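After this come two complexes, each holding subunit A, first together with subunit B and then together with subunit C.
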Partner chain A sequence: MARPRFVADAPDAVRSVELEGLTALYHRPSGMTHILAPPAPQILDAIGGSPADAAEILKRIGERFDLASGEDAEAAIEARLAELEAAGLVRRL
Partner chain B sequence: MSLAHGLLAAEMGMNLQMALGQKRFLLLHAATVERDGRALLMTGESGAGKSTLAALLGERGWRLMGDEFALLDLEGGLLHPFPRLISLKNQAIALFDHVEPERLGPLLRGTPKGTIRHLRPNKQAVEAMTEPARPALILFPRYGRKLEPAVRPVGAAEVFVRLTQASTNYVALGERGFASLTGLIGACPARAVDYPDTDSALALVEELWSALR
Partner chain C sequence: MAEAEDNSDQSARPSRRMVLALGAAAASTVVTIRPALAQTAGSVMNCQIPVPAPQAAGNYIAPDGSLVAPGTPGAFPPAPRPITGEEAKLLLSGGPSPSGMDSQSAQAYANYIRRLQAGMSGFTCYASLQMPR
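Now for the complex of A and B:
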């Protein structure tokens, strides 16, 4: 079964400020404010305007950060994607 | 509320109007005092003592900017004064026995908030009521008779969340509120302060303020 792919709003739809390791994010379309812990902001950055599944997101993040790979890492990304989806910051295609 | 408590009703009406109608500033439920052109912002839950502390500091060389609302400029990040009558409650009333009698209102007993007496801000506070100040320090005081005096740093994300909760119009202001609040947090250190009595609170405030320089 194909794994779900996710899309986020365009980068200019959000305004974010780093607050000592966490990120305050203002989502312009909804007017809602979110506080995100890593790697959620990195996931949003990695999706950018280009939809991806967890494996692809992990690969994109790995190009910029040194992080673990494998099934556990993908599962962790999927868990964060589910949270971001519930918060309205990503959508499933 | 009885007619005898009309002054409290008027105060609550004014607060409600400010809380719901103000659009020019990010409104924080906080007390503010100023010294040397820089402002100290204090916020906390009801009973934390921010109003009493601000009023006491206002009689001890600081300028009282406001005991109830801090008005944060949406563009320049300055805090603007709102020195309305201070609503002294219960035990705090006796701390101000020494002020000029004409600055004290009638003693209102048995109100929904206990015994209340209003205190007019002093001449310095009223004369400077149009002069804003740059925020320099954020404090989260907490009063408890059995607490040991203590100071601890507060992380930026926690400050952000607590100040959004302390704001009456953060959501209504949208992105402008987000920008001004994150700007404030980026510009100021923040500390939580526990204190068992007003003397130790005032000493901690002076100590923290001196450490800023």
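Now for the complex of A and C:
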């Protein structure tokens, strides 16, 4: 079964501000503001303009960070993606 | 999470690799601040999104959701009726196409809905759908 791949809106659709470890992100298309805790902003960065599934996102993040993950890092990424999807910040292809 | 707290270097451009805690599957990392849209949950599901908006009536919808001239090859004719909030919610989350619409044109309509901006017909309905469950 194909894993879902996710895409985010173009960078000019969002305006984000770092706030001492949190990220306030204004999503222009929906007019809503979201407060993101790590690793959600890093996941959005990792997706960038290039759609990816959870495994690919994990790989991209691993290139920039040392990951402190529990038993199943991919499941954690999938859970974060589900939250971002519910907030309208990423969508499935 | 303790690893992240031990890391004092929170610079956005790390000179050394930062530790990123992925968190437990049950943790929550997104909080949404909602503008006060004067709609109840019930009316959200019943609101309607015309595809395209009345000002653009007759235009075709390209697969990426942009509006193109009527008859453009590869583009789809306007939706035969407005898409309801409930249908749009299902469609945008990968669910079934609204009845009477085939899946290819429904995907184009979904992309059109995703591109709606404030002030466009159907935007308030779409914005309401974006609210977390």
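Throughout what follows, the second predicted complex is superposed on the first by the 89 of 93 C-alpha atoms of A that agree within 3 Å, B and C clash if a C-alpha of one lies under 4 Å from a C-alpha of the other, contacts with A are read in each partner's own complex, and residues count from 1 in each chain.
The working rule: contacts are C-beta pairs under 8 Å (C-beta built on N, C-alpha and C of every residue); 3 or more make two chains touch, one makes a residue touch a chain.
Just so we're clear, the structure is a prediction, and the values are computed from it rather than from any experiment.
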item: Partners on subunit A (subunit B, subunit C) - clash or fit; value: fit
item: First, second, both or neither for A:Ala87, with subunit B first and subunit C second; value: second
item: Touching partner for A:Arg15 - first (subunit B), second (subunit C), both, neither; value: first
item: Comparison of subunit B and subunit C by subunit A residues contacted; value: C
item: Centroid geometry (CA): angle subunit B/subunit A/subunit C, rounded to a multiple of 10 degrees; value: 80
item: Subunit B versus subunit C as contact partner of A:Asp66, first or second or both or neither; value: second
item: Touching partner for A:Ala76 - first (subunit B), second (subunit C), both, neither; value: second
item: Subunit B versus subunit C as contact partner of A:Gln42, first or second or both or neither; value: second
item: Touched partner set for A:Gly31, first subunit B, second subunit C, both or neither; value: both
item: Shortest CA-CA distance between subunit B and subunit C [superposed frame, angstrom]; value: 5
item: Shared subunit A contacts, counted only where both subunit B and subunit C touch the same residue; value: 20-21, 28, 31, 33, 35
item: List of subunit A residues in touch with subunit B within their complex; value: 15, 17, 19-22, 24, 26, 28, 31, 33, 35
item: Parts of subunit A lying in touch with subunit C, wherever the complex brings them together; value: 4, 18, 20-21, 28-40, 42, 61, 64-70, 72-73, 75-80, 83-89, 91-92
item: Subunit C residues within the subunit A interface of the complex; value: 3-4, 10, 12, 14, 17-35, 92-94, 114-118, 126-127, 130-133
item: For the subunit B and subunit A complex, residues of the former touching the latter; value: 155-157, 159-161, 164, 171, 174-175, 178-179, 182, 185-186
